[in-house]
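So that you can tell them apart, the chains are marked A, B and C in the order they are listed, and the count of residues begins at 1 in each.
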Amino acid sequence: MSRVVDFCQNCLHAFLDYETAKTLVIPNLRVGCIFRFIQILILLYVVGYICVVRKSYQENDSVISTVTTKVKGFAFTNTSDMDARLWDVADYVIPPQGDDSFFVLTNVVITPNQTQSRCPALPNPKTTCMRDSDCIKGLTDPRGNGVQTGQCVQFSTNMKTCEVFSWCPLEIDAQPPKSAILAAAENFTVLIKNSIMYPKFNFHRRNILPHIGSSYLKSCEYDQETDPECPIFQLKYMVSEAGEDFQDMAVKGGVLGIFIDWSCNLDWPQGNKCHPKYTFRRMDNKNPLNDVATGLNFRFAKYYQTPDGKETRTLIKAYGIRFNVIVFGTAGKFGIVPTIINLAAALALLSLVPPVTDWVMLTCMRKRDLYKRHKVSLLLEDTDAESVLSMGPTYGTQK
Amino acid sequence: MSRVVDFCQNCLHAFLDYETAKTLVIPNLRVGCIFRFIQILILLYVVGYICVVRKSYQENDSVISTVTTKVKGFAFTNTSDMDARLWDVADYVIPPQGDDSFFVLTNVVITPNQTQSRCPALPNPKTTCMRDSDCIKGLTDPRGNGVQTGQCVQFSTNMKTCEVFSWCPLEIDAQPPKSAILAAAENFTVLIKNSIMYPKFNFHRRNILPHIGSSYLKSCEYDQETDPECPIFQLKYMVSEAGEDFQDMAVKGGVLGIFIDWSCNLDWPQGNKCHPKYTFRRMDNKNPLNDVATGLNFRFAKYYQTPDGKETRTLIKAYGIRFNVIVFGTAGKFGIVPTIINLAAALALLSLVPPVTDWVMLTCMRKRDLYKRHKVSLLLEDTDAESVLSMGPTYGTQK
Amino acid sequence: MSRVVDFCQNCLHAFLDYETAKTLVIPNLRVGCIFRFIQILILLYVVGYICVVRKSYQENDSVISTVTTKVKGFAFTNTSDMDARLWDVADYVIPPQGDDSFFVLTNVVITPNQTQSRCPALPNPKTTCMRDSDCIKGLTDPRGNGVQTGQCVQFSTNMKTCEVFSWCPLEIDAQPPKSAILAAAENFTVLIKNSIMYPKFNFHRRNILPHIGSSYLKSCEYDQETDPECPIFQLKYMVSEAGEDFQDMAVKGGVLGIFIDWSCNLDWPQGNKCHPKYTFRRMDNKNPLNDVATGLNFRFAKYYQTPDGKETRTLIKAYGIRFNVIVFGTAGKFGIVPTIINLAAALALLSLVPPVTDWVMLTCMRKRDLYKRHKVSLLLEDTDAESVLSMGPTYGTQK
């Protein structure tokens, strides 16, 4: 019985006796200063850099957003190729629905009245011919214009090319007009409505901030200096903020990124410091050096039916600027896990200080032998005795 | 020679002699309890909160997804303005291709038979006129209706306005019909197919879960309570889940977010706990207080050609609900790096316990002087002797 | 006065006296080896795995990207149902504007000359009838074809169905043609232009790498082995890389993911190791086992106006392949905060080594009693004396 009691007592002792390190106080100013100085350095780094600058005590979440856009404005054109024409939103915004990416037409090559029929191919070394036998019936060159019919026909007064079956007449794939047809597009404005959400923090916000009034919104125009909160942007302003010239860009088209940065520190009450920041940047390469198909263009067609049921179409090669609204950002909010991890990292760093100080004390101080004698003892295994340490200076405290 | 041997031996000793702290065991129950109690607190936090609740031992990856949607249903309208008309998917889903964002038309203002021609501007303070000299030829007001021709013409029996060149007749930009034309849209259903992927873990899944049968899919309709796994959603149900009234929203349009949350714990075998969770939320501001252009509408046109080759169009101002399928989520899976970091953080926290206990022991315990005398010794530099420490109580163990 | 001086001196001592642990050196090879071995293991893990393999010293950022795509090619069809027809980009890419998701038409069911009128419903158990009283005027079955007029009319020579008001004639919702009409689409190519950005590191790059020349781009075609940097992809190649057969997929349509992986290590000068990696994967389920509406199709219409102002349309049920360009990736760059955290984690792990070694030394070594006698002393509270420890072996050094 007493054995069980003894055992239990031993266990209890083993578990509850407190074992603490024996320490030696060294009243040396220099050593103390070194110790405190390194400690303070580490604390400064942790408090100053990690906490204040990098806000590492925060948990992060990525933004989720929806965007609707609405372009306003119209343009009047009166060129030699076309009749006088007024272009409104339904004409130049393609596709018409304004979501986070919208395209504004600035230049066009129009080929009207195409039908499925036969016409001479556009001249190039492969299509020019002298007689029918130069053309191969049924040949379809992927970079050609259509299916060859096997006949050699007059393209112009002094040139014959193979006839093709295709949407005829063919588009004359010349360069687009040298100055953009819809040059007036630079004055169009776009209203961008953006709702964001940080699901982890259940935080919602819109780029039309609560304190903005309805009357201001009706007349304002975004300007980085004077109206940084207005969600209505002039196209020209955005392009010039991106360091480009609107008229240059309008000729061959391009892609403009509208970046909305929603980086937020949600530790402020009511997300007070959570405002959208707008920046603009051209996304495609305007330099044609190592690029195919610079600029931005695509072809689409308006299909018509003649009274006798035949299908015709107007082919439109549309050049223009695609505006991509790109919403990004991370929200940070105090989080217990990153805080603990950073705190623990600081503690771990602080635990480096005593070994370093010991090493300095035992190698660089004048009285190092005195310190070593009192701090470190050597176990002499054979004699079962401790001796004052008298070996080389490499005996620092091991970490 | 013996010097080299000596040096090597010294080096070996320096490297392989084990230096360990001398310790003092204090068989005091209270001190031991404090020590163990703090240790257990920290362990509980680490195991309970960090591991079980926050799963910080996991690596994370963000979801990548594709969405296809397909709306079904048709609506019959028979209003005074229009002929009887049946609207099917090709009429009311714009654009027709169902990807992660689709628009269902609910209300329209139609202006048929527009041509590029001249007509009186809509009356407002800037366009009303008495005689031709009130109108400026060529003037284009960005908020106006077109290019002024310089003539003042009859708008109605008792009002004259400046004539403009534009798509005429002009759209009467009145409010949309007060009750949505396609009120029946609330019964439309949409099938949402969503494939997701966590590239870091090479994990793929679809929202049509493997155990769902084909016959179930043909007849089911999503309901949070009874059918939470059915990928077919009634429009009205989604809007009401978002706390909105479909008929209200249908009049002026709006944006509805369909959120699919794929947060997954991939430590479960075969991703057993990886199911999509659907929530719905209105994304735009229905409150017109500080907003321009509440609701959602856009203009598009259907272009026609008259037999004599003239272009006409039907302008459609489309009000409707845009449904944005927003897929988000993070997958977590056991990762060695975050595990080690959290383990190390726990260790670092545990290393705080002895200094704290020492401080309590040396300042609050009744026998603190006894403990201090045995634990801490003061080096008297001048006499080369240790003395029992007899200074103030601030001498805790320094960290 | 002297009291204040004393107090200050005490404070100064308390703050600047250096308290260091008393240590005992044990010149035992085995213990030393164990100690160093565990230390080296941990260092190897930290340096080798965490730093070299996992690059945990890096901060990360997620990619932001814009994509433009441009499809090239044309197809000639000459089936019994349709006239000979040449399909070009404006015909088969829907919507025409190439952004990160584009659809290539491969198969169609065309229903021309639909008008708002009356026609017999397609036969099914609910619509077949014998007399007018079998049909309910005004009934709209969501899965039906339109609004019933209440009349029972001849559908075919030997079958009568209820008449409906709808876009008539109705689409015969049969299966699509068994071999894709635009089988030639497999030879189409697509140029993918992709600009990416890591905003945190202000890093920009395009998938057309700087060293690629213009002439190469004009003729190259992507091939994983021979041309991994060419941004021009043949549709058939992409589908077969995804493990699918183009002609199979073309019949009923599908979704193909084009994954561009921009995972980058930005510690290399000029982002030298930052190249896009392309992979392809079918995103929808081709297995019709537990799926509704396998494949991908949608309906759209081309609207026409007859000379007398009546609206007609051609309904097109379009089957095809949607290509989704999915850009993902994380960039890593040396960051001070993660470095410190991993360093600290390593230090915290290293602080585990002495307790472990102590435990081995005090329980497993032959001379454990000797070691314990010199390392650990027991405070005998009653007699105010230390005694050599003589209790059970559980007295290790407590962590």
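To be clear about the criterion, a residue touches a chain if its C-beta (ideal position, glycine included) is under 8 Å from a C-beta of that chain, and two chains touch if they have at least 3 such contacts.
A quick note: this is a predicted structure, and the numbers were derived from the prediction, not measured.
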Query = What's the call on chain B versus chain C, same or different interface residues, using the half cut on shared numbers?
reply = different
Remark   = A CA-based fit of chain A to chain C gives a rotation angle in degrees, as a multiple of 5, equal to 120
Request  = Please compute the C-alpha centroid of chain B, do the same for chain C, then give the distance between them in whole Å.
outcome  = 16
Ask   = Which residue numbers or ranges of chain A touch two or more of the other chains?
value = 13, 17-19, 21-28, 35, 62, 95, 304, 307, 341, 344-345, 347-348, 351, 354, 374, 376-377, 395, 397-398
Key: Contact set on chain B toward chain C in their complex   = 13, 15-28, 35, 62, 64, 66, 68, 70, 72-74, 76, 83-86, 88-91, 95-99, 113, 184, 187, 189, 191, 193, 195, 199, 206, 208, 210, 212-214, 217-218, 302, 304, 306-307, 312, 336-337, 340-341, 343-345, 347-348, 350-351, 367, 370-371, 373-374, 376-377, 391-392, 394-395, 397-398
Remark   = chain A residues touching chain C in their complex are 10-11, 13-14, 17-19, 21-29, 31-33, 35-36, 45, 49-50, 54, 56, 62, 94-95, 101, 103, 116, 140, 142-143, 146-147, 165-167, 255, 257, 259, 261, 283-285, 288-293, 296, 298-301, 303-305, 307, 309, 313, 315, 322, 324, 326, 328, 341-342, 344-349, 351-352, 354, 357-358, 361, 374-379, 381, 384, 386, 389, 395, 397-399
